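The structure that follows is given in the form of structure tokens.
Which chain is which? They are A, B, C, D, E and F, in the order written, and residues in each are numbered from 1.
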């Protein structure tokens, strides 16, 4: 009886350490009804030049978040080996099956990649992706940037983010990198339930880690794409991989100090926001109304702010379900 | 052989002409696998007082457009009989099955209600709804307001809209009502392909008709909801049903003079907008880029403006398909 | 340009008029993704002997109603040519695709066969079936028996049924046949909306027509199967096709005089019946309660009898939707 | 590497131990495509007064069984704190996603809650529910009542049930509680395969446990709802939580002594029951016939009783599949 | 009330008559849930040079037949304007939505394009495609070649085909063109049920029409692709559009004189062919066996040849359904 | 806390060791929405006579591969106890749910049975099947034959196969059995990734194991069925279970020495094979072309042979996805 852990079946089709710029795939064998000897082909670009740190850059950890994929495709296209010192590993569509489907979780196994770490080499497709990053790509990196946005069901003020960590030195390095990103807002975050997150997997390996929320709704704007492209270059400059100076204005610091920041829908129905992202609210101000979806004339549920602050995130679709997060009120400074 | 047209099976559960305020339903019998003797129950509010015109007010003609439903629910809740002179018929969720599903077309028959007129009394569910409006509700009305937005796949600058009509007097009345709506923008439109539209059905009955596009993405904002609520009251005031004065600032006139306004995606892929709604472009300016969705490093398709103007509408989702409308450039004035 | 009506493509695989007993199919060519040159094969048994009337006997007009199919399969198996004078045409599974799927309407086109008459030879599968009965089988018949029950979403007291008809002689013949069926209850019915029904199609050809409702819930009982088998033999005896005497006790006459008989669910939720089939109610008695399906502790909706009588039909599933028929209160005598 | 078990993410929105009557939810965070920060909200009512035992009362362990939900909603609505001594925890829709879908197993993970114990805090939604009951709610309880019926595919005589247990004292307490329920029948049962059952999880914690089968078919009757409501009050009276005396007549004891009680379908087809629930059969009596579903005229399979007794359970739908349990013949007494 | 027929909404994105070689699309506007202002983009290549006939060449009339698409893509790529005299219109994927889905009928409306003629300008997507060919492209053509194969559920000997026509001159021209194709076999065919076929639509406009069956199974071989490419060039040479001489050996003439050629599956099950395509059978020879799919050890159904000849077509998948065409036995000569 | 492994719930309905020939099922209890007390019934035939080895014979390990099922049904029907010495256990449809669905993996759990070993007694349906073979049936056997073909997405030259094993004696016995099968080709194979395969599970128990690839495309031919039936008898003769002599000509030995044998699709599109199975290629020869599936006129991707040899396997469907195995070039001899 052999209880050893099987090897991860993913193989890159290009070398991960050869000087120059190579475009290829992470090939994940996937036998299924419509292809007995098929594969999931996750696009990959690796740029190597001279000596310097390694940056691992990922988008579409959730498949319906687009600022990261756009900024990473632009970087993969524009960046030349001679521009850098070190190595840049670009995976614009990390959860590729979810990206192709335009969905948060993978259509192949319904798994949320950002709750699947450390993954499993003999698990489902998403678990294999997580395991490969955990065991192969993250260990190669000094700096890891993972792009997020709100996806189809949430919308966020644009911010880069660092976590409170036990290792003060690592935390300081992460905060410096997040501030270098220079999004309009910067958030310090202590995850309540960090089990299975890519963030945690990366930080536990001692890496400098930056993540973002840059918009949402399953779309992007010219403005949010510019924030993503600029922040990405800023972080690479900050890391010494790219030459130049960090661009952009002063980022506003945000904090979500406690559970009162989160407002939950008490009923299902038609959602009417009363406050827009970035607007300021006082305690008790109406944040939203929920109207009956099956009749007319009934009084709406009114959801009021549990605390004062700035609206940092909100529910996106016009219909809402009981228990959905409806609004997040953050405080500035910190 | 009896070739007479069968009667429309829809029945209101409340009177359409009794003074006071009544909430009920348009009941459409619908036999199906999960309910042999079931029905589609379309919410309906009717408010009657004294003498005056009749306004027929509808939302969710497309089920994923939300400014109209929110404004109409607020009106149905807030408006009292003593506030008005005449009659207000409110159907906030006109294509109710589509509204409940959060989809443009009905999940019951895949029919687009706004291409289903004049409908059929023995057709599919959506065709029966069209036929009932065509034959029963529209004839009762003097003024018809039908709310639209971009839905899940388009985003618009907020505007009210009137059509170029053969009858100059009717056109003038419609333009006056659209301007009274007083959205940030007002558009004059000549539909190329008006076959099957509710707009056409209403206008052919000689009614004053106002429609809108107030946002999109399958969501709404506090701002767009305010525009809808205010515009609705403005139009009722303009019609003499509600007392008061029209509110709001100067509306910008927009025009879409020819087919060059419309820009179509030449390929499928990851969509990166380069211009945001309301921004000005010159001919040849890049409007968007489309990146390969299955590989990294390839050069994007760049879509350039065919004419100068203001970006009035754009594709919404982060992924785009070949043939999708990607951007509409309008001209101001008119 | 040829505007002639195409021929119906259905062909029986056995002769419809040869003496003896033959089992075969109505073969309906059906080209589709999983069979380019496939067919729908509707089981058919024809028994012919000597001279006498023709009876056309059908079950599974709705695919989830089972007393008819069971009684007809038993008859097709047990009945011998020498038992009869005339002809018996047995189609136990009239809407065969719906029967195989266990659904009311056909899974191939979502069409309710009992609203598809007179059908179309070049329409969908269900429309072709309707057209074949309309044009070929019904014209051959003197007596038509079509079995119904409540299906998966309704439950009925067991009754045979005749319609009020313009032709008094035809009506008397139908009533006599329905009474000969001798179910526990017998109902006289004036259909409000008879458009598209098989019943109407048969009656308009001047035939003697009997239909039934014998239970429901998508199941059957030993008792309801016995009622169906016995009633079927009784009607054939009554028609002079089979020798013997009509069996069974006195049938109770029922009437549904007006729309007040029908009680509709005012809201969706968890359905609690307060009265069982066959029980007597007084006006105002609670018929059912509807509890909230998304929260606990809320007061239920109570639905009260609009008139006195006997509970003749009721909603079946434990969940109910707004607009569903919840209960039918009939009156005895008539 | 941290191998500690993560905490269960479910949180009640109301206190579980505060005097009075509170309605709220068990909130289970559930991130998914249509709600990134969504939740499953399982309705919960807690009633606390003075000192006394704790009863944990659950329905919809299987989502298509309705007597329990109805009786528990009525109790949650009617019962007042002053009526009781102790605590009553009511979860009318235990597998809430299955209940909303009207299905036996959860539509979210296809898991049968009653085979998911002891559950897992980081498993699928149903596994999290099981884990929360196992670790939080059951330990609080002295008495546990879990309502079952046959669901959409089985139908049962109405009975309460206790298991043969290794601990004679616990067994006696369970039998006494089941008899106090006072359904028309009472069954003693030794589960063959108890792995994963809620029953086993509760009994292994030493609790007094009562379960039921009260009908089936995915519906309920006025009679079966009365049995459920009365039995529930009887058990609470028996436990000393509610004042009063146990109501109802003499319950018939049933036993299913061996595997010969179970009759299995030898082929797929159209199912014709020959015996109804509660009727007596002798060995060799026909229980049912199965007719061919794809042709007419063929001889049916006849399934005969393997032993004498009373028909206690049967297959429900009109179609049957090979291997389905077709009938259960029980013996009286015991 | 305007009862005029609306115009077909399809527009080519390239000119249909400009000298040179142009690649573009037939753009069919298609509003739907995932693209409000979307389109179906059907690939189109037009090559024009000098004077000469027009050939209209189509593949994927059924979306799972591949020899035509491959030969037409090769032609569109290889053929240069200077190679031809006249015009070649190439639509390699005629029912484009079906082609992309790999299905016989369109996934958008479940319509079989080859039964949808003459189509409708305001019908479903497939009906619009039919109407555009009927009204725009076919009238432009002198020669029409439409490629077919067996698709996923049938397999054929490779043959080109002409129909028996009322116009002897037209028939002779079609036969000459089919023989020029020079597939290994050539078939003369009288369609029994030609209603709605593209073949009929083309022939009724008096055009020279060639169709084929070149294999099947939803695949193609190197050999069948060569037959298609060579046949296509042969026909263009025959028509005088391309210079050169017709290639290939002697084609065997086949005939299907009557209904006895067709053998139908009498039961569903596991299909075992006993004869391969091109093999000769005598009357009574076993063509195939059908084994039970739900049990082992039962005797198979044996299907025997109703006439002698050569096996020209057969069922493809390993499972078969009752009523499926199992085998076609043709006769040689003619 | 009981951590012991639960027993496998599968039970045969016939004895596995009684002399004679018995047909029955492996009954696997399976509770689900459409049958609360249902089962998966896997057909099973056992033939026992005198003393001799036990052969375990399986087909439909993948549900869309048909040569094995046909040969095993013929054997189960034709073979008589007196023909053999020993025992033959026939399971023609090993992954029965996949076989009924015509799919590679099970529709019940999406699990590939041939990657599910050693299985789990409390896992999903496919895992239970694997566990039962692993723990009950394989241990009974001396010889195991498992039939494979290419299924719906691959096509193979017909070969029997043995693996390189650490135990030289076991390997020699397996090679001898594979050669005795006497398919047109015989292959020696070293699996790279044998984790979870039935092959490995059998070989690790020290059994003589033969597997095959006999065609593909989700169909079979008269020729491939003959190869399967003959090979099966040959192996039983070779094992001494059946009397007689091995039939058939000389089998060609094939080898796949390294990864260069495998050719992968570099892009999605329309697949055009340039070489057929069994044809010889030189390095650099074109194996296939891939044409754009969304436009016409673009140059195809050409896939060239990485080595010389014979085409032993190829992609089957007319459409291909990036990463699919497109062709396998084997070398003869070995």
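To be clear about the criterion, contacts are C-beta pairs under 8 Å (C-beta built on N, C-alpha and C of every residue); 3 or more make two chains touch, one makes a residue touch a chain.
None of these values were measured; they are calculated from a predicted model.
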item: Starting at chain C, fewest touch steps before arriving at chain D; value: 1
item: Partner chains that chain A and chain E have in common; value: B, C, D, F
item: Centroid-based (C-alpha) most distant chain relative to chain E; value: D
item: Same-interface partner of C-D, chosen from the options D-E, B-F or A-B, over half of the pairs matching; value: A-B
item: Distance from chain C to chain A - Cα centre to Cα centre, in angstrom; value: 58
item: Distance from the mean Cα position of chain D to that of chain A, given in whole angstrom; value: 43
item: Gap in Å, rounded to a whole number, between the CA centres of chain F and chain E; value: 35
item: Residue numbers of chain D (touch at least two other chains); value: 25, 41, 64, 294, 317, 322
item: Contacting chain pairs - touch in the sense defined above; value: A-B, A-C, A-D, A-F, B-C, B-E, B-F, C-D, C-E, D-E, D-F, E-F
item: Chain D partner contacts - residues on chain F that touch it in the complex; value: 6, 9, 25, 27, 29-41, 122
item: Chain E partner contacts - residues on chain B that touch it in the complex; value: 62, 64, 103-105, 112, 115, 150-154, 193, 195-196, 264, 317, 321-325
item: Partner chain E, residues of chain D touching it in the complex; value: 268, 294, 322
item: Chain F residues within the chain E interface of the complex; value: 21, 23, 25, 41, 43-45, 64-66, 69-70, 72-74, 76-77, 90, 92-93, 99-100, 102, 155, 217-223, 225, 270-276, 279, 291-300, 316-319
